[in-house]
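Common to both upcoming complexes is subunit A, partnered first by subunit B, then by subunit C.
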Partner chain A sequence: MANLEIRSVSKEFKTGKVLDRISLAADNGEIVAVFGPSGSGKTVLLRLIAGVEQPDEGSIFLGGRDVTDQEPETRGVGMAFQNFALFPHMSAFDNVASALTAQNVPRDVIRAKVGKVAALLKIEHVLQHAPRELSNGQKQRTALARALVAEPKILLLDDPLRNVDAKLRYEMRLELPSLLKASGSTVLYVTQDYKEAMALGDRIAVLSDRDFAQVARPAEVYGSPATINVARLFGDPTINLMPVEPLASRTGPKIKIGGAELSLPAGYAHMAGKACVLGLRAENIVVADTPSPESLPVEVVAVTPLNERTLLLLRTDDGREILASEAGTNEAPRRHGPAFARFHAEAVLLFDPASGRRIDLQAA
Partner chain B sequence: MSEAALSIKSVDKIYEGRGKGPVHAVKNLDMDVQRGEIVALLGSSGCGKTSTLRMIAGFEEVTRGDIVLEGRRVNQMPPARRKVAMAFEGYSLYPPLTVRDNIAFALKSARTSAKDAQKSVADVARILEIEGILDRYPSSISGGEQQRASLARALVRQADLYLLDEPMGQLEPRLRAVLRGRLKSLLVDRRMTAIFVTHDQTEANALADRVAVMEGGVLQQFASQKDLRERPANLFVATFVGEPPMNVFESNVVNSDRVRFAINNGPTFDFAGGDIPPSVRTAIGRREKVVIGVRPHAVRLGVGSDDARIVSNQWLGDQSHLAMEVAGKLMVAVSHAPIPAKVGERLRFGVSASDLHVFDVGTSAALSHGLEAA
Partner chain C sequence: MEHMSLLERVVRGVLIVLIVLFFLFPIFWIFLMSFQTNEDILRIPPSLFFTPTLSNYSALITGKLVSTAGTLDIAFMKNLWNSVLLSTVSVVIALILGVPAAYAFARFKFRLGEDIAFTLLSFRFAPPLLVLLPLSLYFQQLGLTDTYIGLIWVYQLIALPLILWIVRGYFEDLSPDIEYAYRVAGHSWWRTFTRIAIPLAGPGIAAAGLLAFIFCWNNFVFALILASADKQPVTVGALAFVTASGIQYGQIAAAIVLSVTPTLALALYAQRYLVEGLSLGAVKG
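Coming up: the complex of A and B.
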């Protein structure tokens, strides 16, 4: 059952329209990562759900109730926003406990709950400190702890790890999902980091150009992005994109790149003769020293390690630059010079250059 | 040693604080950079890397020790005479000149013919993808473009040494990956000697032949990225380098006919005597406590005598990160393929003797890496 539903919501500011009739439904206990570049309206969306902003049109349903016209405090929504908004005169502990204190939860229960969340967020040692004595990362985790400890039905988290240093942020990324699941809350988690979105979200809602470009499970967003824009936002290095025009042949559709002809899956036969943008992720290109059927002659311009992988910058005979990435860090044997690249044909994506939308494979 | 383009000899940098005590930013630094070598100074903020770069450039005085560039001691030499090209924050573009003139300016003073200068500017502009902004003024271009223009200005010059401060810091990811490749290829092709500062290990690994890891003003290790990964000199390097970094656990060690590492309140790694070579056993010596380390990519899943509860299992498109709870900490395993295991289940794990790192508990210095003593 949808615990949170946004129906055709729009919001415009003086500077222009931020959200244009967007809709989203999240199930009970589901974590939806709201992902998009900065300025794409992610925070505005959370503020609308929280009730601190009013939509120009559309409705917001929480737990099956239309709350569009309700005050923020009656909506049963917990929040941790980027500007920490901690009570300055209270210790970190009292800040975290504040929601529970207001509900008259027994003191020992409060202590246990705060202790558990604080341990997970690694702020146990600063619980007695005042907010001004905390680093930005600690403030942010305190605000997150305060939101989590109340176990609200709906939890809105606006980039809660943004100010946390990289190492801790990585650990949080591993541990937060089980904590969020344990809270039972339906979570909207805003982030600008695609890895965080993939790691934390049951589904990812990709916000781009005032609307959700795609709402799907992480592996699907990564492997079958709905648009060129979504494809670009996921993956390190960024996906290779190049204009191509598939040709029909006896053996099925092909493309020409740098003098070589490469086969495409048969399901792209309907695209013969039409301009497309080909998208292929770096890990779906294999580079070898010797030619093989359907390999593309390339020049290896640079070999650079990238986190336990090796990144190869390739240049085709017609001057296109392609990034390939190999598992492992065995960069030593390969130097610059001629080589041959083979594409994993089944991983080739085609996009419509005009709309940017991905072209579906069609049954023959 | 005459081959060294740069020698840093026992250099200290102490800032005399106003009101506060002195700050010892760089401590007894010794480093040689060979001609044609690309070196990264890597560390978090305040580690001393920028002070080091600024001393080499001549923007900061050396408190103690010597800096020798191409055989010349340059401690007292002003920056302009050091034959060093720089792309620095705060060493900005001249506002009244266009980007093109900013880049070409360095060549004018070097008496390059106008035609050659034009070609050099065009070449570097193409490589850094700033051809479209050559006739704009610095104030009208973005931060990322200013950074590339400043980088271009340094790279067109003839210099003994190129000093670059966070050269790719502000670029969007696709451009950064491509430009790193091109920049490396340019530096290698022209045999340029370069030192750059970065806090981003991806950037250090991508560009540098050797990486100098700094922390607390002290050079922790200066080695190829392969050695930093496979032979980290101490626990700092082991847990700083690598994405994600090495898993480390304090363990009791029993070194008899078998070698047994028992993690406190955790599993035991048990090796037959023959698995651990004598040199490693000697390195461990009679220590009863050590810290053992396993890189996330070396954790073997589904094998071994102990299991642990899976805390998370996250597929990131081209790699899986799986975290297990071991002795109250996380043990992270990374794989290039999805791992078929569910959160909450228990999974066996193990480590090969060849992937085990051992460190001293007190000094944190490495004792052994795999089958070799450190």
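Coming up: the complex of A and C.
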């Protein structure tokens, strides 16, 4: 049974509608990464679930109980706010303990539980400090500890790594999954960083244009994005998108780029003659010095070596620009000049330009 | 400071001295007067040199004013007690009523909210004399004339708007997320208000309370009209020194020194809060 469920919830502010009839269900112990560009309503969604905002319509169920009209203190959720929202007049210890003092837990149990979660998050040495004496990383851990300490069934984390420096963010990204899994809570993890979403989420809920564009496992969101928008949001460099019009041929559907004709999977045969948007990830393009069947003559215009890979900007003979990514830089660095690009037909995604939706392969 | 030229520093110093003289000399002079007899005070030209006497203070404290015309009973100590009682109780009641109201105005948007808040503030605009005439009639009807309760009630006109508007600014400055975090942690609305909102707005509440206390203490006209000698504060009580046999300048000066002392001590003690509270009130309210 779903531990957390929201049913066609809408929320409108004076500035406009933020969420429009959105629904989501998460199982016990599942981590759902809520990902979307800034201003897409991720935080509002968490605040609705926590009960600090009221939905205009729809209902929210926690542990099978309808809590839509319940006060925040009765919902039994743990929440870490993006701005930490630590209590400035209390020590880190009292901050963390606040979730336990509400339940009239005995003093020594509080001390034991706070000590345990503080050890887990490595903040034992600053427990007696006031929040203003903590570094950003320590504040973030304190806020996280406060959300975790009462072992809530539902854990809402609002971009907890946003305000911490890059090094700590990487460390936390490694530590958090096991920490969250150990808590056994159902976690909604809001983030603006697709890598964080992919690293932490059992599933990713992509929020865009007031609704979830896609809710799926990370690999699926990356490999089969539901819309152009989702495809664009995941991946660095951004996915290559170009307008194409598939042609029918004896050997199956093809697309024409420059002078070359390239095969598409047979399942796209039904799209022949219809305008489409082709999506192709940079790492699915192989660049070679010599031509091969189904390869595309290109000009290497720019080469950007990064440590573990090299980004190439390619230009086709009809002027389209394509980004390709090559793993490793150990071999002789690629030079500017003519080359040949190839890609696997299976890696090609086609989108409907009007709706932005991905076009499914159809059985022949 | 170190970038100032000598001239700038001299001009600055002179100006500060002038301002300090202008505001503090009267107080200094009153302080001297309180140790002089009426004869010393009325001497022309006035002199800084005199034989100090404590007779003014002893007259106030014993309540017996001995003059050439005979002995006169004065109720100064009673007046001082009245001032303490009226101001303290008024401020406490205004805090109990005003702080939750300020919180409501800061946090919740409700119909006519701004209008109600402004109406409360507008009580401060009306000249007290304007409301006093009808008020004294009501008070006679209600039996509130010459009672502490009646005076404390009227003093809310002074204290409540002040507290409401200053404290509201402080509450508005607090991030609501801090309160939400406490509620999500499982605490009720009331606990959040008392454990989070009030402590965090503490400096503002202290500043507003102090200011309200000083304004109540300095009030003159409400008690003059609505109470008799028995219930009057020092501000009105000092009038008793204008006697048939002359004005007792020495006793007036001593009375002023005594009545200024509590508020001065409070203000000095809480100077930091006061300036903060005043400037915040100016910006936010």
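Note that in this section the second predicted complex is superposed on the first by the 335 of 364 C-alpha atoms of A that agree within 3 Å, B and C clash if a C-alpha of one lies under 4 Å from a C-alpha of the other, contacts with A are read in each partner's own complex, and residues count from 1 in each chain.
Simple rule for what comes next: contacts are C-beta pairs under 8 Å (C-beta built on N, C-alpha and C of every residue); 3 or more make two chains touch, one makes a residue touch a chain.
Because the structure is a prediction, the values reported are computed rather than measured.
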Fit-or-clash call for subunit B and subunit C when the two complexes are aligned on subunit A: fit
First, second, both or neither for A:Val77, with subunit B first and subunit C second: second
Which of subunit B and subunit C A:Ser98 touches, first, second, both or neither: second
Which superposed partner A:Arg146 touches (first subunit B, second subunit C, both, neither): second
Which superposed partner A:Asp108 touches (first subunit B, second subunit C, both, neither): neither
Which partner, subunit B or subunit C, touches more subunit A residues: B
Partner chain in contact with A:Thr304 - subunit B first, subunit C second, else both or neither: first
Partner chain(s) touched by A:Asp69 [first = subunit B, second = subunit C, both, neither]: neither
First, second, both or neither for A:Val52, with subunit B first and subunit C second: second
Cα-centre angle that subunit B and subunit C span when viewed from subunit A, reported as a multiple of 10 degrees: 90
Which superposed partner A:Ala199 touches (first subunit B, second subunit C, both, neither): first
After fitting on chain A: smallest Cα gap, subunit B-subunit C, Å: 11
Residues of subunit A that touch subunit C when the two form their complex: 47, 50-52, 71-73, 75-79, 81, 83, 85-89, 98-99, 101-103, 146, 150
Contacting residues of subunit A [partner subunit B, same complex]: 167, 170-171, 173-175, 177-178, 195, 198-199, 218-219, 222-223, 232, 234-238, 281, 283, 301-302, 304-309, 311, 313, 321, 323, 325, 327, 329, 336
Residue numbers on subunit B that touch subunit A, as the complex places them: 173-174, 177-178, 180-182, 184-185, 188, 202, 205-207, 225-226, 229, 242-245, 297, 311-312, 314-319, 321, 323, 330, 332, 334, 336, 343
Subunit A-touching residues of subunit C, taken from the complex the two chains share: 175, 177-178, 180-189, 191, 196, 199-200
